[in-house]
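Both complexes below contain chain A, partnered by chain B and then by chain C.
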Partner chain A sequence: MPEPVSSRRRLLTGLTGRPGRGQVIGAVLVALLGFAATVQIRLTHSNDAFAGQGRQDLVVLLDSLSGATERVQQQLNDLQSTKAELQSASHRRSAAIADERERLSTLGILAGTLGAVGPGVTITISDPTQSVTAATILNGIEELRDAGAEAIEIDNSARVVASTAITQSGQTIKVDGKSVSSPYVIDAIGSAHTLSEAVVFPGGLSDEVTSLGGQVAVQEKPTLKITALHTAKPPQYAHSTGP
Partner chain B sequence: MIAAFGLVVGIVVGLFFEPSVPASLQPYLPIAVVAALDAVFGGLRAYLDGIFDDKVFVVSFVSNVLIAALIVYLGDQLGVGGQLSTGVIVVLGIRIFSNVAAIRRHIFHA
Partner chain C sequence: MSASEREYVGLLTQVMTTTLDEDYQVVAARRAVSGQSPAHGKVRIALVVTLLVFGAMVGISAVETARNAPVVQSERADLIRQIHLGESRLNRMHAQLTTLQDDVTSLQGSMTAAAGTEKTLTSRVTALAALTGAAPVTGPGIQVTVDDAPGASASQGGGIVLDTDLQTLANALWQSGAEAVAINGQRLTSLTAIRTAGRAITVDFHSLTPPYVVEAIGNPNTLAARLLETPGGQTWQSLHANLGMRFDVVSISTLTLPASNGTRLLHARPVGSR
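Now for the complex of A and B:
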């Protein structure tokens, strides 16, 4: 078979021999091919991944992208409205909590289960002749209440609340069962001036105690602390009829 | 020899000049490259067969490129550009494979 040998030889002479006109044109075209191929490869690699794709593919891609964007936007809106909802709920909650705290402190001061601080008066009743009675003390407390006292304690130990009883057995005066002795010190929180007026007005507590042989000293204080607490018991017989 | 040299020169020029392809030509370049590749392998086969003719090579090269570009253009206009491009690539690929097989037979007798 001579043909394969000749074809090999032709390849050899083509590679080594003097090029003819046809080879030059072929070289130019092949150079063009190499150039175009390089440019295309470069384009495919350097440009974004979409450069070589057909128009339809790009349209489909764009469609799916805009669909995805819409879905994500929808999700974003949902989450934002949820966030707003939760925020307003938490606002309402904290407002309710603040409200309840305020109620709690108001009720605590009224019921005597919380300490109280504020302007007020300290009334010291000294009774060397032991002639001051529970009724006198009670009168004084009523005068203080009338003058707007918001929290009252006696001898730093007994808180005076709505259910407080002031009793007397022999010479001993008891406030809710606790013995208090002369000098009786009554602390009251309220308008300091009004409270002191309520004690010293003619025919009031001051005059009454003086006529019994004792002495009343009233001291107005810008801040007074009441620390005695009353232990509140749940009512046994009374039931709430609702607000 | 000079053809291989031409190929190298073309690649080097393409690498160094980094020309930007006009947008209107971008869809046709890849398929034109494949068509030219087919023409080049066909030419190499003809050369080894001893029937290489430069006129035939030039005409087949140019017509291959033009027809490939025309088919892609037509496909784009008809809205079947992607499918038609795939078809052209498949046909050219088969031709390249058969040409390369013939060349291989010539060189390696296998």
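Now for the complex of A and C:
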């Protein structure tokens, strides 16, 4: 019966000595198992953020994703139609504003609150004998209006509008209370040729002034600027009832 | 170590100093004496079988995994690819949503601003339209009716209402503070001419037939009196007194004058507008 070896000695021998055949086989098997397990795990869960989620989880996720997409698409559609409505409303409003601006400038010219530019005539009435009266000027204005004058001023200072009264005190002719004096210079915007024809038409302003001992000169201008303004007082009695 | 000795050794000491190994050693030594080799025969066969089974299991599992992998893997990859596509689509849609919301907000803002602009413009247009004859107006005023003298004829030259007579009357009404004037329903604007054309007087190129009804809106307390004081009013009083021409002035509490339909400009453009 051999001397029993101490347990410490045997452990040391087991660790440092040549491994037995059984130990080698065991080591190879354990290594193989480890390798196989690693490969299996890596094959199954190789991908990304979805590790640990099964096929069913992924299908559910995909479904909820398409549900969310559908809701957002609905929102997009709603917003798109809202935007389209707003755009067309905005275009209509812009057009309405452009129309209002256009109308306002037309009315401003008619009311004499805006300066005006356009073709026209400058009529110079010389009255050395002081025979021209307010009635002569008034008739001349009516002739110009009849010939399509769109804006009229006298002596670059008095704008003639619908409510303009041409009056006379003594020898002084007044346009809405503003004195004007010979030579009277009348600027009128409109068709230059038509306006000029109207003035020199037989029996017209030119003839009338000539018969009174004065002279009329008409100058056609491709561009004429009328800068005299009428101060429009807001009406106190006439109330607008229409557009 | 004899059995008698053992009895005197404490249990703990025994555990510390002796191990089970020693018992195995004893068995091994006994086996060596009896000539038996360790793990021979049945034990060896069992070991080989166990190893074979284990190897077969590992092999089968590896083959199985390798064969199933492409199918499971491709289905899974497909799902994941779809999820990725869906997510990036959703992200794009969210970005679109934000852009659209911004667009809608800014459009709403500009609409509000435009509404304010339009309101301002409209009130200015309304005010100017009343003044210029572009809109119908209502208010108190006077009605002046004038006509040729009874039995008067153009050939005799007297007692006939001429365009200049109506011009004088309109001019006198403006001078008296009238805010709006119409003759036989034709509103006077800055474009309106009162002219004789052929045998008739025209206002805004409409031929009028007598009597001529001139309506003027203005201060009901002063309009009529002031008219009679103006040179034009006095001219008409003398036409009435000397030639028998009709000249009637009455106050009307509510007059309604129509809009002129000729307030379009062909040549004049605004200058110095804002």
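By our rule, the second predicted complex is superposed on the first by the 199 of 243 C-alpha atoms of A that agree within 3 Å, B and C clash if a C-alpha of one lies under 4 Å from a C-alpha of the other, contacts with A are read in each partner's own complex, and residues count from 1 in each chain.
Here is the rule we use: a residue touches a chain if its C-beta (ideal position, glycine included) is under 8 Å from a C-beta of that chain, and two chains touch if they have at least 3 such contacts.
Please read all numbers here as calculations on a predicted model, not as lab measurements.
In the overlay built on the shared chain, the residue A:T82 is in contact with chain C alone; chain B does not reach it.
Using the contact criterion defined above for the overlaid structures, shared-chain residue A:L32 touches chain B and also reaches chain C. Taking chain B and chain C in turn and counting the residues of chain A each one touches, the greater count comes from C. Of the two partner chains, chain B is the only one that A:Q23 touches; chain C does not reach it. Using the contact criterion defined above for the overlaid structures, shared-chain residue A:A95 touches neither chain B nor chain C, since it reaches no partner. Judged by the touch definition given at the top, the superposed model places A:A217 against neither chain B nor chain C. Of the two partner chains placed by superposition, A:V200 touches none, neither chain B nor chain C. Contacts of A:Q56 after superposition on the shared chain: chain B is touched, whereas chain C is not. Comparing the two interfaces of chain A, the one with chain B and the one with chain C have residues 4, 7, 10, 25, 29, 32-33, 36, 39-40, 43, 55 in common. For chain B in complex with chain A, the touching residues are 1-11, 13-15, 18-19, 21, 26-27, 29-30, 32-33, 36-37, 39-40, 43, 47-50, 52-55, 57-58, 61, 76, 79, 81-82, 85, 106-107, 109. Residues 1-2, 4-5, 7, 10, 25, 29, 32-33, 36, 39-40, 43, 46-48, 50, 55, 58-59, 61-62, 65-66, 68-69, 72-73, 75-76, 79-80, 82-83, 86-87, 89-90, 93-94, 96-97, 100-101, 103-120, 135, 138-139, 142-143, 145-146, 148-152, 160-168, 189-191, 225-227, 232, 234-243 of chain A are the ones that touch chain C when the two sit in their complex.
Taken together, the chain A residues at the contact with chain B in this complex read 4, 6-8, 10-11, 14-17, 19, 21-40, 42-44, 51-52, 54-57. Residues 19, 21-22, 25-26, 29, 33, 51, 54, 58, 61-62, 65, 69, 72-73, 75-77, 79-80, 82-83, 86-87, 89-90, 93-94, 96-97, 100-101, 103-104, 107-108, 110-111, 114-115, 117-118, 121-122, 124-141, 163-164, 167-168, 171-172, 174-175, 178-181, 188-195, 217-220, 230-231, 256-257, 259, 263-273 of chain C touch chain A in their complex.
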